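Following are the structures in question.
Look for subunit A in each of the two complexes below; its partner is subunit B in the first and subunit C in the second.
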Partner chain A sequence: MTKIELDHVTKEYGSLVAVDDIAIEFTEGAYTMILGPSGCGKSTTLRMIAGLETPTRGDVLIDGEVVTDQPPRHRNLSMVFQSLALWNHKSVRENMGFGLQMEGVDKEERNARIEEIAAVLQIEDKLDQPPSELSGGQQQRVALGRSLVRKPEVILLDEPLSSLDEKLRLEMRTELARIQQELGTTFVHVTHNQEDAMTIADEILLLNEGEVQQFGPSLDLYHEPDNEFVADFIGSPSINLFDANIVENGAVRLDAGGISLDLPERHRDQYLSVPRSDVRVGVRPESMYLGDDGESGWPAFSATVDVVETFGDYNWYYLQSDLEESLVSQSANVNVMNSLSRGDEVTVRVNPESVHLFDPKSGEAYF
Partner chain B sequence: MSFADQFAFRDRLEGIERKGTLIGIALVTPAVALVLVTIVYPFLNAVQISFTDLGTGQFVGLEHYQWLVSHDGFWTFTWYSIVWTVGNIVLQGAFGIGIALLLHEKFFGRDAIRTVMLVPFVVPTAVTAITWRWLFNSSYGPLNYWAVEFGVLSGAVNPLTETSYALATVTLVNVWRWTPLVALVVFAVLQTIPQEEYEAARVEGAGLLQEFYHVTVPHLQGSLTILGLLGVLLTFNIFDMVWLLTEGGPVGVTTTLPVFIYDIAFNLQNIGRGTAVSVVLFLMLVAFVVAYFQQEEFKGGTFG
Partner chain C sequence: MSANYTTRRRAVTGLRFGLLAVALVVFLFPFYWMFKTSVEPTDAVYGDVGLLPGGFTFTHYEQAFSVGFHESVINSLIVAIGTTVLTTVVALIGAFSILRYRYPGRGGAAKLVLLTYMFPHVALIVPVFYLAAQVGLLSSPIMLIAMHTMLALPFCMWILMAFLEDIPRELEEAALVEGASELGAFARITVPLSYPGIIAAGTFAFIMSWGEYMFAFVLMRESASHTVPVALHQLLGAYAIDWGLLAAVSIIATVPVLALFWLMAKYLGEGIAKGTGVV
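Let's look at the complex of A and B:
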């Protein structure tokens, strides 16, 4: 088990700040995803952990030891690259055994370790072919195998799933999670895909423009976003966000686009601490109930169904209302799913427990 | 489909095939004709001349070949040719790869150097030869002047006229001329090697030398194989540079086979013997090419 720490790490390229003062301790033996949109600094962060980039300021620590200026080979880690970076002039076996060869492990033991890992990855019969003759999924396994054979303490993965087709991506995603759990190796995986991150990560580091937006267990990011960016980035379809005013502090009533949402007394103290009268309100699609769903005491308004997307066991409903933005609601209620179609008027109820309020200026969550 | 239909269909297919073959023949005819006229005919003619005494027009059989086999000079000059060719290829390869690796690093003025580097390759051979002869000249050449001035040498020496240095010097001048081409080709290939392949090697524990051996070299292999083939053929046949620098001297130590051929055919006016040497030289190169193509790289090998 190995602990990776970023101690106020900053990386600048000229005037461009790619990574801005990240101070994070990754959990030992966990599957951590570094998530964020293109250009948020996630790959740079990973490459600084790998030792392929040197931070402009700050330190990278592995097991409490500063390794900032150490080359990759002194860090006992391995990396799976986005392009896989397999050597096509070498056989799969030579690719996978390269790290051991560099360590000076003799051929016999090398082969034993390669075959052991190849069996786990189900590529035993491909060992003597060049990687270029393998399918995309098999090449992916070889790249992973090359990292696993050396049994490093940490495996870094830079968008390893992005080149795979959808079906294979889902398969490999599950397999990555399985392998990580079996080996207990610390995985740090960079992705722009929030679904990959939500589904298999133990913890997520969400970055935007080089800054940490939130770091924690993946469900925390979903249920308790620290700011509007996190709320918006995590979850698909995205959370419903709209401008609102707190019109009546005593009763806490949001006057959003002419629709009043009375919020529950339970959170009244928290709402009262909101210093401004205008706020951003966020409600996840599954917290927007349609028709008879939800409790009658919840704030309600009416809307028109614009588009219905069918998934079999649940539907997405895109709704038009007096609010500026169109809203998305998810429903798995069979009665709702059978009765609603485009153009229908429907009552929308909002579960007040799952309403998020954000500062409209800074985007910070109020609670 | 009835039988009749099937036959009709097959006939039509055969028709298309016949037509395709005709078009194919029509397309290669000009190329084949050109090769016949410019290569095969002159070569056969040369073979014929090598069996003839051009002065009398008499068929002399293997006389010219007997002469060259028994001529000590022929074997010596063949040896010089091999030394010259191997020296050129090895040095051009080493310097070319070295320069390309340096240019691959990013540094200030790199683009300028890359352009200036090509100058030796752009300058005509005659100018190159005259320039170097002047540089090496023992009475007015600047190299000797500086060497003596700074006490490196006690007296002026022109390496082009010294039997122990002449072949090496001619080789170096030719290396100077051709290295930029090798460097340029290698540099172009280096830029196609994905950075992540180096990074993967580095993460797996490779140092700089191992990165070079395990990543760079395999990527270069294909281009170097072709460069080596062309290089050997071109270098073995080079006449102008050697002739312009030394005319094959002093005392024949820089006489490679092309120089020897020129000497016999045009200075000694024995076209028959000269042609016989040419034919032998041609056969040597053919043998080399055949041997060269036995390498793995040309066999559609599994890795590459």
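Let's look at the complex of A and C:
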């Protein structure tokens, strides 16, 4: 297995800082997603690992060895491109065998290995066609096969799912996760899709404007976001965010202007330890319980259902309250789903254990 | 659809083919006349003017061999093939470099190439002759190949840049990641993908070199070194013009170009359309 390390890597294009001082050690043999909005530097980061871009400052290390100035061919890695970058003047077999040929593997063994991988990817009957004659999903498999056949230590994937239609995307997503688990190869996958990242990644590196926002196991980013950006970017629908003041009036209360949330006594010290009284509050949609749902001791307020979006096994409820911001709640409770519809007045209970507080200036998380 | 509409469409189609036929006759008539003159006996050339040959003979072709015209064909082939290979290789590397790499003077280099295309070539005759004489390359195909490469290079680079621009960089990067060197990726991926452009550029260079007269006349002093256009001109006698012989050597001079065109026609359209932006 191979360890990839970015040692304070910065990439500048003229005055534009694409990647700003990233210092990360990717976990060996893990499926890592580099996630972020477009223009956040995620592709540039991947291309620096591949050796297709040279950092302005800092070093890329593979297995402890500095490879910053090494060309891609000396890094024992492979890459699946967003455009797939298949060579249509070559057959599928030649596409897949190119890397082995470069390594000097003889034709017989080359064919054996191509056919082995082609069987795994279910493209063994397409080997002698040019890639242009294949469907989108099959081309995707060829591109992946070209990377897998060399059994590299690291496979880099640059938005490989973005060109596929929804159904195929979900299929390929699962397949990528399965292949990665089977082979134990380190996968570093760039995506702007937080759902792809959450569902299959072992760990996520979330970037914004070239800077690391958070790096860690996927669920950590969901449950313990380091800052407001992470909380907002991860999760669908997005986390509810609003301004509030911490008020001590016998009990501790979050006063958001229109609504007040009285917090249980056991949270008293935690809230009073926050260095300032004005805070940014974040509550995940599934932590907002509607009607009879939730526990009676939880802080509550009333709201009106504005829009209901149905997904079958759960609903999204968009709520208007005395807050300026529209709130959203996700409920899978059958009673709620059967009884609540547009225009209804409803009690909203907030699970106090899952309230996030952020510094309103820096966005850093208090808890 | 009404019968009226169908009739009108047929009329339009008919008119199109009619115009095309007229254009073809206008273009091809001189070639036909050349062929006709090359196969009729000399006295028929000066006889009554008719559309059909006034007799049939190979005399003029035999005569062409006896005056050594085939030697100039060989000279021309050497120069034209040399020019084609050199131009194509240099244009390909130049176009690739300008498109793919960032370095100071890159944009200037691209403009300079176009400038040489605009430059009045007559102004080069004296310095080029002087240079060739100094380095002892008068009557040598090397100097003429160099000059023809200079003439053909701008347009060929232009064609190839248009081609390479359309080849996504990721196709080369995929090869780099799979273990190829920069040069390996260029040779194995970029070059095969630009074959139509390479063929268009090569054909242009060949035809240009085959028909170039001015530099060939100035540089190829010895008669044994004459290329086809120069040799052809030498056959225009001062007192009498042998029309049959001239027509025959003209036919011989046309054949290699026609053959090349016929072989490459499939790629030429695409190559020239892309290079000139006419699609």
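The definition used in the following text is that the second predicted complex is superposed on the first by the 363 of 367 C-alpha atoms of A that agree within 3 Å, B and C clash if a C-alpha of one lies under 4 Å from a C-alpha of the other, contacts with A are read in each partner's own complex, and residues count from 1 in each chain.
Please note the rule applied: a residue touches a chain if its C-beta (ideal position, glycine included) is under 8 Å from a C-beta of that chain, and two chains touch if they have at least 3 such contacts.
Because the structure is predicted, anything quoted here is derived from the model rather than measured.
Overlay on subunit A: subunit B and subunit C clash in the combined arrangement.
Shared-chain residue A:Arg150: touches subunit B and subunit C both.
Contacts of A:Ala50 after superposition: both subunit B and subunit C are touched. Of the two partner chains placed by superposition, only subunit B is touched by A:Ser91; subunit C is not. Within the superposed three-chain model, A:Tyr318 lies out of touch with both subunit B and subunit C [touch as defined at top]. When the two structures are aligned on the shared chain, A:Pro130 is found in touch with subunit B, with no touch to subunit C. Residues 50-52, 71-73, 77-79, 81-83, 85-87, 89, 98-99, 102-103, 146, 150 of subunit A lie in contact with subunit B in one complex and with subunit C in the other.
Interface of subunit B with subunit A (complex): residues 194, 196-197, 199-207, 210, 214-215, 218-219, 221, 302-304. The touching residues of subunit A, when paired with subunit B in their complex, are 50-52, 71-73, 77-79, 81-83, 85-91, 98-99, 102-103, 129-130, 146, 150.
Residue ranges of subunit C in contact with subunit A, taken from their complex: 168, 170-171, 173-182, 184, 188-189, 192-193. For subunit A in complex with subunit C, the residues that touch the partner chain are 50-52, 71-73, 77-79, 81-83, 85-87, 89, 98-99, 102-103, 146, 150, 156.
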